[in-house]
Amino acid sequence: MGETIAIVGGTLIDGNGGVPVPETTVFIEDGRITKVGSTDQIEVHPNIRQIDAQGKWILPGLVNGNVHLLDGIMMMGRGGIEYLARFEGNYYKVIEEAAQIALRGGVTTVFDTWNALEPVTIARDRIASGAAEGARIFFAGTLIGMGGPFTGDFMRPSMQARTVMSRTFADRMDAMFEVGMGRHLSTLPPAEVRPLIREYLERGVDFCKIAVTDHLVGLLGFRAPYFTFSERVLDVLVDEVRRAGVPLLTHTTSLEGLNTAIERDADLMIHATMTGQAPIPEETIEKLLEKQLWSEVQPTTIAQQAWMDSVDHPFADFSGRVHHENDVRMIKAGVPLVLGTDAGCTDPDILEDMSQGELHERPWTLGEDHFVWMQAMVEKGMDPMAAILAGTANPAKAYRKFDELGSIDVGKLGDVVVLDQDPLADITNMRTLSHVVKEGREIDFHGLPLSPLVTAYPRTANVLD
Amino acid sequence: MGETIAIVGGTLIDGNGGVPVPETTVFIEDGRITKVGSTDQIEVHPNIRQIDAQGKWILPGLVNGNVHLLDGIMMMGRGGIEYLARFEGNYYKVIEEAAQIALRGGVTTVFDTWNALEPVTIARDRIASGAAEGARIFFAGTLIGMGGPFTGDFMRPSMQARTVMSRTFADRMDAMFEVGMGRHLSTLPPAEVRPLIREYLERGVDFCKIAVTDHLVGLLGFRAPYFTFSERVLDVLVDEVRRAGVPLLTHTTSLEGLNTAIERDADLMIHATMTGQAPIPEETIEKLLEKQLWSEVQPTTIAQQAWMDSVDHPFADFSGRVHHENDVRMIKAGVPLVLGTDAGCTDPDILEDMSQGELHERPWTLGEDHFVWMQAMVEKGMDPMAAILAGTANPAKAYRKFDELGSIDVGKLGDVVVLDQDPLADITNMRTLSHVVKEGREIDFHGLPLSPLVTAYPRTANVLD
Amino acid sequence: MGETIAIVGGTLIDGNGGVPVPETTVFIEDGRITKVGSTDQIEVHPNIRQIDAQGKWILPGLVNGNVHLLDGIMMMGRGGIEYLARFEGNYYKVIEEAAQIALRGGVTTVFDTWNALEPVTIARDRIASGAAEGARIFFAGTLIGMGGPFTGDFMRPSMQARTVMSRTFADRMDAMFEVGMGRHLSTLPPAEVRPLIREYLERGVDFCKIAVTDHLVGLLGFRAPYFTFSERVLDVLVDEVRRAGVPLLTHTTSLEGLNTAIERDADLMIHATMTGQAPIPEETIEKLLEKQLWSEVQPTTIAQQAWMDSVDHPFADFSGRVHHENDVRMIKAGVPLVLGTDAGCTDPDILEDMSQGELHERPWTLGEDHFVWMQAMVEKGMDPMAAILAGTANPAKAYRKFDELGSIDVGKLGDVVVLDQDPLADITNMRTLSHVVKEGREIDFHGLPLSPLVTAYPRTANVLD
Amino acid sequence: MGETIAIVGGTLIDGNGGVPVPETTVFIEDGRITKVGSTDQIEVHPNIRQIDAQGKWILPGLVNGNVHLLDGIMMMGRGGIEYLARFEGNYYKVIEEAAQIALRGGVTTVFDTWNALEPVTIARDRIASGAAEGARIFFAGTLIGMGGPFTGDFMRPSMQARTVMSRTFADRMDAMFEVGMGRHLSTLPPAEVRPLIREYLERGVDFCKIAVTDHLVGLLGFRAPYFTFSERVLDVLVDEVRRAGVPLLTHTTSLEGLNTAIERDADLMIHATMTGQAPIPEETIEKLLEKQLWSEVQPTTIAQQAWMDSVDHPFADFSGRVHHENDVRMIKAGVPLVLGTDAGCTDPDILEDMSQGELHERPWTLGEDHFVWMQAMVEKGMDPMAAILAGTANPAKAYRKFDELGSIDVGKLGDVVVLDQDPLADITNMRTLSHVVKEGREIDFHGLPLSPLVTAYPRTANVLD
């Protein structure tokens, strides 16, 4: 990483929201940005590695504020058993593959808000140390108070799953995801919860996500939210997260859940607009503005929503109807928003099951997800610049990493993407990736993932050595 | 009801907990107790109708603090579809039949804490007016915040049920039970909840029961309790119930749920010892004692529990394991307890499905349920006198009806049972019913129910006119 | 029935397939046709009751060759539990109501090829004796070798049904339909099967239907047919049916099943074109022509098929794709065809579940079913006259009742319908019913059913006496 | 394999059923038996590799006449999805591992009667060529006329499986097992079936197994058997198998199925005593004796059956009740019997699910299965010598391989096992394996399997490279 690299002559959209600056050069030395300025003023020695950005656009490396690199969305539907069985022993490789797919789309940093603690720790550390390629990972590990994929708390056809699978395997998987912080917590009084959360926070997680409300959406639909904890237990959890000094995320699926999160000044509220189809009232929006709390939202594009509606998809309300209206009103009000997608490394068999309509602008297809997010938000009325900030500076700020990443400023990590066409003119130009630089290292993003495991497809039934 | 009746010469257990008084006579005129005293002192004119209680025991009419006369326990398991289809249009008759079966067991008053509002209103009023026979009914109607029997919130195989039944029928049934106060409430902010509960309380209910926690036990087991409402919505509900002046009941399935109920000074906490298999800590028991709040508990006998354990019954934890320990500790500590059983008028086909082990001392078989309750509690360490109070004075007090019923005192309703054998010597002697008097009217309890509808069994497939 | 009635002056389509004869008068005395001739030649005494058929069309009473008056199609999908529970004890009334609904559509005779033996016997006999109104019923009772509605052999969501219902009830229902002739037969050797079928044939059934192949369509789809019996057991069954002298019907769901039925010279092959999506080869069609065996087919109209395809309906292959092609080729080849529909008295809740698309020209809606059948067949290329014969003379012939019914000829039962408009010009004119006469008695068909039980709708939840 | 080996001085049980011969020496050269005789008469040169069998017993290498090395029994219950996903691409290795586990138990030859064609071909050929270790494999490939594991024809919870798994994956698996010979065949007329079976028989299978009846046991229980084919299609299949010159096996699950197989002179009838709980009549047993046809039976031991009955196991009737009686009567009558077990390489997670009761003498645990079989049959009345023949000479004869294997005779393959204790004194002494020789090569059977894949357990969730 000792290399120096110069991105020369592009129009800079630096992640601070100002007017784009043409003819800009960005210098990265030893992985950090050392100079940003006019091409006229910054001289580039011919020995220095250069990226010619003439006529192109320079942006900060993209940031996804909510992924589940082991594919969480898929585990809520079909495919969980086969996915977890197929890759057992190799989950950290799957996570690395996912981090590479994200990186292929220009995403240099991802925040994984639910994953199996052990493999995501391995993958994070291997990528951080350079032992593996991929987008930089920060993670929460488990979702405090929620069961594993086969508990019925989470996975849509979970109870059916347990009728056809090994109990031992199901229990092992649930334990791997829960790491002792699952639904059992909701049976305990505050005094017993405190040492457990304290212990968990010492396991090296980068932030902590609390299940304020349930995840029964897959089982019971979006309109019947429950609270996971009593408020006094919730307060213990929040207290310990604050004490550990890491960002506090909330999982909420109802308006009252959201209000509860706001009262606790959560750093980032995941799928904040998912309010059980109850419109978010003005007073709640005002609270968000007043407190300047970050909300992650999960929009769908017009085309995808139309498809979902047409097949009466169980997730049609995920971002449709009132949830869509919530998105629109949040955008209009200028609530601080963060790009997040729930995307992960989907099993290709599951993708193969899908129709063209389902695949088109699908919000959970990793590598495409952030482009789809920005497009969907612009369709809902967001300014393209705001959409870019939602996928760069905002998550960095929400996760308190803005001193390190999220904008192109001297001293920050050298994460840069170069686009062929102007994303402000048309947000879908975000897809015109020309160069991807991570910590000053140019990434051969077309070559990712490096050693496909999940995405080596189609599968050959019998491979001779 | 203008008749006068004298119960002469028995040993009086008057429901106030004192030493039994032998050779007592009870006078009832115009449905109310007018004299209670020594046989020596009370002269009985030969024209007056007499019940000879010589060598027998006189007790207050029994009171069951928690029933679901349309059989709620059954609806959580198998049989809900056929039961509701078979008797549609006749639910109030089913409820009356249930009230008659209860009366057959000496129960002169029942408190129905979850039922379909319209038919239970009809049945209550018909019994109160004398148009129908049966135990006196007081009711809550719906369980505030909970879905109907086919929503998946409640019925164990509910999702399967909806795959085999008419959606129209399922929706009609759910609506009948929810009367607009179902899970939808949990999506709303306080301001929208207040007018709804206010309107509900104007529908003539005798008390109100709030779902502090979920009822997913049938779906997800006893160890994963959720909260139904945010605390600020819960506070609105409690506030309105207080304002309406009716008793406040809580449904809780977790320790934190129980603690939340105690904080609100609930009048009666249903299945209070069902704490998601977390032991109730001493401090919680102390709170119950200090505040003298009423708890309903649902014990099983040793034999029934042994059977449940032997077949790994999904309800084995209902009152087993930690829940059983909770019962024992509550009894020992002297927490104020109320007899309640969840019993209702079970479909005989469902009873026919059961083994002898399941039927023996089954806690939910109406007419037997209160006897089984008392036996189970005595087995757990309760004093027989305390068990009798739990099924007479205590529920009357919890529901604020003790000025009218629950003990044999001058001025109260003339509800009396006469037993052949001493229940304090052996609590199973509660079954030795000799006479049942309700509001001064002797009941031919052997002849109940009067016009069996549910219990006219076996069913003949094709009945010619 | 002693009345005399004259239908005067209509155009006669007599059920023998010849050119319609205008200005015809039909005389019915004592329930039988006594004269058919030109209005000129037949004098009608003014005292005789007359139906003025001037400008109208006179046809034989319609005949449906395959119904299940207790709604069998519904029991294969949703609604079976509630239907059978709701009307238990009253099945014969449901069957009579169904027979009245059929009669309302001009159908004077139905052949019920699968039903519960006891109630259909009661209903047949009550209608035959005049104790109840309705279309004349002939029936098979059970389907030899097939399980009841909750066995999994028959009902689509049957295994789910058994998980939510009383086992006792399910067993009682299965036993009522199977009457000892269910799947158990397939385990037995020929010598043990013979006395059982012999005994069954002595129970007063009008004909006998054998399950040559399975009915797992609901469970496993239309493409995986099994044979129910070994050929030597099948031969015993056929032998006994022949010996009893009643018509032999076959249930087949595969080409090889059909070929097996043809080899046995079955009198009527139910849903003959349902060949597991294998096209019926020419040689099989030639066999049918050569032997002049009767085939019942179950077409859907273009509109209904389009709807089924649009929603990927599990029954879309019922008469679609190859099955449709089979229909077309059978019609073209002139194979002897019989109208049959599987229709029964559907629960209105189930109808309420349906979209407009599903209800429009639905082939199983009793009272409409035969009109839809004729329309569908004409759409597939059948001559309107042939369609009329399929619903009059043909079933009568197939069931060996043509000496009594199926055409307007002297000596036959006085079953006649009068139409306002010409059905040969447009087959949908079959719906222009003007008069219905059954055995010489004019039916107030608009007033049917007489005492609605199933179809008294919407249902009121609580009906006070 | 050019080595020479002498097994010296043991008591010979040669597989021909005669009196054991003490002090015998067996010479194997170039993989074939070259001398068998008295130790006195056969001189063993000191250079020759010797196995000292003094005081031990010498038997032919054991032969299992019915296995499914990819675990078929498991796929009928829980675990199919995870097993097939976990090992996709490595099935032939799983099969080899299974063949090694069999060999570890002294089984030198297995006949696999249902498996995925491609991987079992690879494994057979690799073992035959010496590229892989393991018991010699002969196989049928698919079961003609039966669907793959996720079709609902086969796997118990198959329909649930498809609700939680990828359709693409399920279809790929089904296709891999069916290789075009699945249930589709049952829709076709004879002329279309003939070329398909002919083509299949050219794919290198060692024998052919036809589904005379269904495999719905998992779905619908053992008492409702269907026939898969019409007799004329069955005759085409049998005809082509005869023409191809390979042994004909039948799958039957009913008495009439068995009778049908007997009529076709099947070489081996798999689970012949599984007659849908109908007792096999004397005349059928006489036919078997008269024709000297081979029957495979699948007994359970007394202990295993007691466990199955105690938990009301869905497979309790597999060999219990009438099926057990059938076994006993077949043994007593002296019907020619073959050892077969359906065993395969079970997923250890599934074994971990099981209680001790389930694992004890479980008939499907590969490596133990044949010992359990012999024990169970002796418990049912079989002579120990007959049990040994059933697991050596008989399957060799049934599969027409007796000229190569199944007994210790000069010229045959050098497959020999040496036992420490006398199996005729106590059949459980079959487990006292001392030496295993396959084609003259001594096997380090304690070291098998060589490279555990399935049985490398417990599984570590995340294995770093």
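Side notes on the structure shown:
Letters A, B, C and D mark the chains in the order given here, with residues in each chain numbered from 1 onward.
One rule holds for everything that comes next: contacts are C-beta pairs under 8 Å (C-beta built on N, C-alpha and C of every residue); 3 or more make two chains touch, one makes a residue touch a chain.
Just so we're clear, the structure is a prediction, and the values are computed from it rather than from any experiment.
Annotation of chain A and chain C: jointly contacted by B, D, touch as defined at the top. Common partners of chain B and chain C, by the touch rule above, are absent.
Between chain C and chain D the centroid-to-centroid distance comes to 51 Å (mean Cα coordinates, whole Å).
Mean C-alpha positions place chain B and chain D at a centre distance of 60 Å. Residue positions of chain D touching 2 or more other chains: there are none.
Inter-chain contacts occur between A-B, A-D, B-C, C-D. For chain B in complex with chain C, the touching residues are 78-86, 88-92, 116, 118-119, 122, 157, 160-161, 163-169, 172, 176, 347, 349-350, 352-353, 459-464. Contacts from chain B toward chain A in the complex involve residues 147, 151-153, 159, 183-184, 186-189, 214, 219-220, 223-233, 254-257, 259-260, 275-278, 281.
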